[in-house]
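In what follows, chain A forms one complex with chain B and a second complex with chain C.
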Partner chain A sequence: MRFLTLAAALAVLASPTWAQDAVAQPPAATPAVAPAAAPAAPATDTRGLDQEVQDLKKDVVDLNRDLFVLEEDLLFPANTQVAVFVSLDVGDFFALDSVELKIDQKEVANYLYTPREAEALLKGGVHRLYLGNLKVGSHELVALFSGKGPNERDYQRGATLKFDKGIGAKYLELKINDRQRKQQPEFEIKDWE
Partner chain B sequence: MRKGLILLGLAAALAAGTVLARQPPEKLPATRIRDLHYGDVLFYFYQEDDFEAITRLNAYEHWGLLPHHEAESQLLLGGLYLSLGLHNEAGARFETLLTPTVPTGVRNRAWFYLAKIWYARGYLDKAEHAIRQVQGALPPELDAEKQHLFANILMRQGRFDEAVQLLLHWKGPLDWMAYAQFNLGVALVREGKLAEADPFLTQVGTLKTTRAELLALKDRANLALGFAYLQSNQPAKAKPVLERVRLNGPYSNKALLGAGWAEAALGDYSQALSPWMELRNRNLLDAAVQESYLSVPYAFGKLNASAQAAEYYESAVKSFDDESAKLDEAIGRIRSGHMLDALLTSEKDTHYGWFWQLTTLPDAPESRYLYAVLAGHDFQEGLKNYRDLAYMGRTLDRWGDSIEAFGDMVDTREKAYAQRLPRADALLASDSLTDKQHRRDEMTSRLNTIESGAEVAALGSPQEREQWAQIQKLEAALAGASDNEENAALRDRLRLVKGVLYFRLNAAFKGRLWQERRTVRDLDAALAEAQIRWIRVEKARKSAPTSTGDFAQRIASLRQRIDALQARLASVREKQNGYLADLAVRELEAQKDRLATYQIQARYALASMYDRAANPPEGKP
Partner chain C sequence: MLAFACAAAAAAPPYALAGREAPDFALRAALGPTLRLSEHRGEVVVLSFWGSHCGPCGAQLAALNRSLKTYESAGLTVLGVGVDDDAVRSKEFAAAQPVTFPLLLDPKKAVARLYRVDNLPMTLLIDRGGTVRFVHRDYDARSDALYLDELRKLLNE
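And then the complex of A and B:
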């Protein structure tokens, strides 16, 4: 009978332990089989399957890219494409809630930012708010920013830009900056040539 | 860890020198976006939506929209592949990207995380290669983890000597030191060097701490040392060590079992009964508890309490029977293939990727047998793959719907072209623009003649032009008339009228000529605009059939790829499901085998006792 106990003892010594293992373990109140049955080394060689999964994932990633490219090529051809981006610098004086976008007096986007998205903007992400098509010629863009301004007050500001759409994609950036001297946010629209 | 990888991605920006070089690579640097689309990729990356980030990064690269962030794009791509569990792809990329031009901090982090993933996935050779690429020291917390990881890689390869050498003189933060000492102690025990292992395991086993994680490690160290002593027939040394294990911790059952065996080995079966009886009242799922169902009657037998021994053996046989039947049911449920779906639906978060971790277990009967398996690396890593495949399957399903819509769109476009093309062709064939150009040229030439010939009447109003023609007609008529008084008076009147009209026409001539020239200029602008549009129409006409045809081909090819990948996904998911079910079933079958062995032992012991009772030795009643 003693050999059984020794088998359990060997299991205790079977694997190196890892600080993060504790996270994966069940709470102490649950049945404690952890030391005996937590195999650290694979019992079988699973590399073949893992490699197959990785190859498959890579193919899905590549296919996803090609589908994304097709979708935009099809819906927003480069010669008519216009994209409007939103960026936020610092953000001490303004916490963005939403942006309303009008092109040629027609509302094309009204976007409400989640805290996670606002955080991503603060970290340096740039949000492609709108992607559409425009004819060659002169156009007007109006952006209305809503959020919390200095002292947590509701704050709403607009910015306007007249721009020319030529042949080729047009990129516009709605920039929200902190103007330190005035202790106020500043909103501008940049035309990326 | 997620944060760590984000830092890796951000630190990658340092590589191209687009951010402040004075910032240390471990700190969040301010990324100066020079291509809006790179910022868009980061927008999704920072939200941990790595699949969207990698899709956009690849697409924007395809369109050449990231010219200013090429280097960091490549590093970020490597990081994203890593995060999606594509560690071989990430490794291959890092191998070429992490050149000495990349700051050491960035390189070290990349290699460290790669080593960590490879270790978790069981690629120990690759993990070792990656960890050896880390040069110099990482930040203190990561450095300790790195050292610990390196030792584990060695130990899992059975290279205990090297692990011992690595950890022997290492100093790090308290908790990492404790893990290192534990691992070192275990490595030494496995090398048969118990005396050398004792100080390390004792040091961990006597830690002063209130942290749950370290308390569990402390118990584990005492348990390991205690059982090592039991194994080497030193029960007297095992006993005090095993008694240090908490009575309610995760390792208490094994410690109670071992403590009983230590007493038994010292010949004190009465003392042995104390921990074993305590153990026997605990949950039968635990192997130690199961064993106590045998050790208790075994001790009673040794104490000559045969009736109690028989009673406990019979109870053990019945309990083992019941448990074995439950295990059979659990194995059946897992084999039916519902375990993974139950596991995944118990997780509300729909995320994917390598950083995901199963946190809650489904309330299924088999869960209670599988805590350890489900918490193990193999299962967790396999489950991540399974989950990622499920996510990708859903993504492909959505694209499957979209691609149908794209196909319809291209069909509609083709129909619209078919309707418009004849009109466009007729227009282009009419050559009406050239005709208009000729007419404009004629107009300019006529104006030049009018100007040079001072034909003032030519620019008069229609009424004036009619009056001027009337005068010229009358002049011609009067020219051939006789020279009498009446005709002379008529000629004088006509000259006067002509003079008045000419005066008026001449006075307005310059203004009218300017106006006409302006009209020609406006016409020129309109013609130039028309010329541009004409060229555009011509181009569109030429590319129209090709463009829609090209899209139709791309759609058809992508549709095929979606179908093929969906089939592969289904097949690999099934394999992954089978692999994970095998892991679980293997564990349950091991538990069943153990129960069967105990069962045999109990029955054998019981049979022996009955036999002895039926055939008592001579001289006894």
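And then the complex of A and C:
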């Protein structure tokens, strides 16, 4: 008996519009109205359904974005978050091939750049090389850059930065610039205060 | 003997990555620039793992090169991944292969581990959406015919 009641309740919940119609309209009135309204109804229904599908898709995209942000907030809380970015300026004297990143003598990232990615950096793109957590205190970052230097020679250079991680997120940028005067590339690590 | 062979084939474990998104990687090519798998999203990618010591690998690479010539315009990309420890030996092997597709080097076997390579040659077919669809853990006439059927199916999707 309880099962039947539950089933009836579920049926009513699952189709509230149908249930309301059944209550609101007397059965005798339905056949008289139905033939005239029938041809126009499918087009309106399809349009409405299409709109609903589009709204649903938008909701899914929004939800996915919110989940991504939430996941990042949970995995990398602002108090411990450290992010390292790579940028390239001009690039006449250096063609980037890879960057190896060490924090406190531990390798945390090793990234190989394809020509397409290097080109994107040259056009002003910034690549997030690393996102992780560090406790408050003093730390050391070492970045090793490999690529082709002046005259197409294999070129390897390193850059080091000692930094203090306080409360709040820390953002560091590995910048590769051309130094025209020396005809050499220049590698620096910038601390975004 | 035949029954034993059939039983052994039946006992081969299913490939763990089948139906899953192909893990992304970037590797240096023996000749040419670094390549990243995700840059080929939208194309059907054949990923073939080879070693310089592996007998049928050369024949397999040659067969893949024939497929590439036929189906390149339909959106096919072939990438060979060498898993030798010795990069010099890999480069020599790669230079001797009459193929036009890139032969990548994975001396640390990071990509081979990622793709759970347990036999050479091993060939994976990745669809346009980046999902691993088929895998072949050997190379012979039968597997070659099957591979072509699967490849055509993916190209038609």
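List of remarks:
By definition in this document, the second predicted complex is superposed on the first by the 135 of 193 C-alpha atoms of A that agree within 3 Å, B and C clash if a C-alpha of one lies under 4 Å from a C-alpha of the other, contacts with A are read in each partner's own complex, and residues count from 1 in each chain.
Here, a contact is a pair of C-beta atoms (placed from the backbone, for glycine too) under 8 Å apart; a residue touches a chain by one contact, two chains touch by 3 or more.
In this text, all values refer to a predicted model and were calculated from it rather than measured experimentally.
Applying the stated contact rule after C-alpha superposition, one finds that A:97 touches chain C and leaves chain B untouched. A simple residue count on chain A separates chain B from chain C, and the partner touching more is B. In the superposition on chain A, A:50 makes contact with chain B only, not with chain C. Legend: residue contacts after superposition of the two complexes on their common chain; A:193 is shown touching neither chain B nor chain C.
When the two structures are aligned on the shared chain, A:171 is found in touch with chain B, with no touch to chain C. After overlaying the two complexes on the shared chain, residue contacts for A:154 are found with neither chain B nor chain C.
Of the two partner chains, chain C is the only one that A:113 touches; chain B does not reach it. Of the two partner chains placed by the overlay, only chain B lies in contact with A:65; chain C stays clear of it. Once both structures are placed on chain A, chain A residues 116-117 are touched by chain B and, in the other complex, by chain C. Taken together, the chain A residues at the contact with chain B in this complex read 1-2, 4-6, 8-10, 12-13, 15-19, 21-26, 28, 30-43, 46-47, 49-54, 56-74, 83, 85, 87, 116-117, 119-121, 123-128, 171, 173, 192. Taken together, the chain C residues at the contact with chain A in this complex read 26-28, 33-36, 39.
Chain B contributes residues 10, 28, 30-31, 33, 36-40, 42-47, 51, 54-56, 58-59, 62-63, 84-89, 121-123, 145, 148, 151-152, 155-156, 175-176, 179, 182-183, 186-187, 189-190, 212-213, 216-217, 220, 223-224, 227-228, 230-231, 248-254, 257-258, 261, 283, 285-288, 291, 294-295, 298, 357-358, 361, 368, 371-373, 375-378, 380, 382, 385, 388-389, 392, 395-396, 399, 402-403, 406, 409-410, 551, 554-555, 558, 561-562, 565, 568-569, 572, 575-576, 579, 583, 586-587, 590, 594, 597-598, 601 to its touches with chain A in the complex.
Residue ranges of chain A in contact with chain C, taken from their complex: 97, 111-117.
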